[in-house]
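Chain nomenclature is as follows: A, B, C, D, E and F, assigned in order of appearance, with residue numbering initiated at 1 for each chain independently.
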Amino acid sequence: MNDERQATVRLVDELGASGKVRQIFDDIKATKGIDRVPALWRALATAPDELELVWTSLKARMHPEAVGRESNLDAKTREIIALAVSATNGCSYCVNSHTAALRKQGVDQETLGEIMGIVSLFNSTNALAEGYQVEPDVFPPLD
Amino acid sequence: MNDERQATVRLVDELGASGKVRQIFDDIKATKGIDRVPALWRALATAPDELELVWTSLKARMHPEAVGRESNLDAKTREIIALAVSATNGCSYCVNSHTAALRKQGVDQETLGEIMGIVSLFNSTNALAEGYQVEPDVFPPLD
Amino acid sequence: MNDERQATVRLVDELGASGKVRQIFDDIKATKGIDRVPALWRALATAPDELELVWTSLKARMHPEAVGRESNLDAKTREIIALAVSATNGCSYCVNSHTAALRKQGVDQETLGEIMGIVSLFNSTNALAEGYQVEPDVFPPLD
Amino acid sequence: MNDERQATVRLVDELGASGKVRQIFDDIKATKGIDRVPALWRALATAPDELELVWTSLKARMHPEAVGRESNLDAKTREIIALAVSATNGCSYCVNSHTAALRKQGVDQETLGEIMGIVSLFNSTNALAEGYQVEPDVFPPLD
Amino acid sequence: MNDERQATVRLVDELGASGKVRQIFDDIKATKGIDRVPALWRALATAPDELELVWTSLKARMHPEAVGRESNLDAKTREIIALAVSATNGCSYCVNSHTAALRKQGVDQETLGEIMGIVSLFNSTNALAEGYQVEPDVFPPLD
Amino acid sequence: MNDERQATVRLVDELGASGKVRQIFDDIKATKGIDRVPALWRALATAPDELELVWTSLKARMHPEAVGRESNLDAKTREIIALAVSATNGCSYCVNSHTAALRKQGVDQETLGEIMGIVSLFNSTNALAEGYQVEPDVFPPLD
């Protein structure tokens, strides 16, 4: 298959998975409401402990309702953060994945354009602040 | 002053500014509802054309109402994107500036913790996707 | 077409563009002396306000003569900066685009090698300065 | 001294250096026409082999005339590349060092503003190209 | 205190901590064999759920013996990875923290120099591979 | 050939190489015990001086025994650093190359998972330390 062509490990086949990996694969699909395990999780499954650590961490932050955690951010805002980070890092897999998630949440290309515009703006001003080595304006810490 | 200690250019003094720089300084304060020009703009003012280009670009994206542009994102979401990009890039000036802005918008430290958690999560998964060179899951482009 | 395969939005067709998008597409081709709109602009055209903001910003900095702005840098130096930033960020589209621009300006592969050598050198020393946390040598700000 | 406060190694004192380190320190000062060894080299001197490798590499690329190598770039362009990379990476020591070098070569703050503007512009478009995952426009390799 | 000056949140005082935060602070000190909670954990304690998620994740990967997990890497190699990532990202807090950890494990400055040399080398070749857009040499995935 | 499709320069053919390039190609193959010159070196060969500078630098750090240099790190640890840096930078060519090298040294996918887990962990905590702008815990420099 095409999505297995370039990964540096052989992706774990969804059907052949058993034990802890199988349970996590099932939880990923149920929690995210999807019917296929995305490729990154199939790569992580080559090291089951890592699969578990990453999924635990992502589930708590991106699906807080599934672990009974209260959240002050809505699901769309969380995906927007994910896309902002991924575009800034230039992670191809991640940009594709989070754009697809936003799209599923009803984000149209006009709004995507706004998000991208802000991401690009701050990559630009970050370079300016670093390039001029400007000291932070003083403000008291948050509490 | 302390905030002028390490910048590689001498920050333009707010009171001494005239012409285009003075106008933009006034617009920055009016648009943002602040009574002092932040240090980055005072650094950019050493090259007035650049000051104008950066302010035009930031005003349109972060203060769309001020230029009669419709926006599908609210002001808090826009600042969250700014913080996500700045934390990912490790830009000290920018992190301080956007944390202060979020705070002014009423974001408490619990919510800041959630934002940081998501930013850190995707810096982590970005490294995994790149480290395993996982190919994107196929999905049709947005339109 | 091949260049539309992986973008997360459907590139706006050059021939089908109208209104503001059409005008900007025409200006891009005239200003750059090319007969086809590069893919990044066709992606940005899905959000016309962003297309306009990015083009205004790029035109002023990369084609200052077209907006009556004086420049202290020549066109080749400007493209070299573009390539240095793009190689440092690992942006595939951008590296390809700016290498093509340099080539059009007569840069041969020996000179490209020199540019790359310097880019790689400073990515190396940047890591050293950060890895040892060396404090800046003192020097007065520029003015 | 102030510049030794935060480095993670104790900077090698210029006067106390002997053998290979002393020779390289002398060569750095002579080649660069400065009368004090910058802090990064004093940090590298804690591992003399590394000092030698880094200096050999930097001398060949930034001072080609000192090693009888022909160059197609002038000294100012080379420093501009160094600053572009350093601002993009957000390396504080490096931004300070290369701004000082440009200043010594007569670059004024207007030109610095132009350089920064271009650096910030391409950090912005890099994020856009990655954020939309635009495929490179086709062009043949350089040769 | 000095380490609270610039953080954007007020660091949670070690003595005043209670409940989950207190337990985790105690676990951090016991697991790492230190008598003071490092500043990053005191910042994270402003959002206790995040403190827990980050500590769970770090404990499993950096102190596998404490959670009954088998490891194929020794403690020094794990810290070397931490330093390599931190130097590459230019994270000041992190570079300081992991250099201190390596030092505690007996790493001298010669070996630190070797590590830094390799980190700088691959930041350099990464830029070259991206700058020339070289395609990967073909090799079969690991399994 | 496939590996020449997207590079921005035409890779130098191994068989057609002569003079300095030929010698370095032969040294690369002998030192690394491989029978084909990897694509990055064939790209660098378009600028022979750069090829020499990069190879000298890499040979000394990754193959110290070949230049009579003592090393405190073993070959596997050196490749792990290379992979950690490359995954952090998201360099596709480099991740593939260093994963192949680790594999040749007998690293299995469980250990690769551990390495990736640590790389992803510290990309995560780096973002946290930067996002909260935490000041370094005080410790004396190494010497």
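As a convention for this text, contacts are C-beta pairs under 8 Å (C-beta built on N, C-alpha and C of every residue); 3 or more make two chains touch, one makes a residue touch a chain.
No experiment lies behind these values; they were computed from the predicted model shown.
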>> Return the chains shared as contacts by chain A and chain C, ordered by label.
In response: B, D, E, F
> Could the interface between the copies chain E and chain F be described as same, meaning over half of its residue numbers are common to both, or is it different?
Replying inline: same
> Computing the C-alpha centre of each chain, which chain sits at the greatest distance from chain E?
Replying inline: C
> Based on CA centres, what chain would you say lies at the far end from chain D?
Replying inline: A
> At what distance in angstrom does the C-alpha mean of chain E lie from that of chain C?
Replying inline: 35
> How many angstrom between the C-alpha centroids of chain F and chain D?
Replying inline: 21
> Which residue numbers or ranges of chain E touch two or more of the other chains?
Replying inline: 4, 6-9, 44, 46, 49, 53-54, 57, 61, 85-86, 88-92, 95-96, 99, 109-110, 112, 114, 116-117, 119-121, 123-126, 128, 130, 132-133, 136, 142-143
>> Based on which chains touch which, is the overall arrangement a line, ring, star, complete graph, or other?
In response: complete
> What residues of chain F sit close enough to touch chain B in their complex?
Replying inline: 83, 86-92, 95-96, 99, 116, 119-121, 123-128, 130-133
>> So in the complex, the part of chain A that touches chain B is made up of which residues?
In response: 2-9, 11, 36, 38-40, 43-44, 54, 57-58, 61-62, 71-73, 77-78, 80-82, 84-86, 88-89, 91-94, 96-100, 103, 108-112, 114-115, 117-119, 121-126, 128-139, 142-143
>> Going by the contact rule set out above, which residues of chain A touch chain C in the complex?
In response: 90, 95-96, 99, 109-110, 112-114, 116-117, 120
> In the complex of these two chains, what residues of chain E are touching chain A?
Replying inline: 4, 6-10, 46, 49, 53, 56-57, 60-61, 69, 136, 141-143
>> Under the definition above, what is the set of chain F residues touching chain C in their complex?
In response: 6, 8-9, 44, 46-47, 49-50, 53-54, 89-91
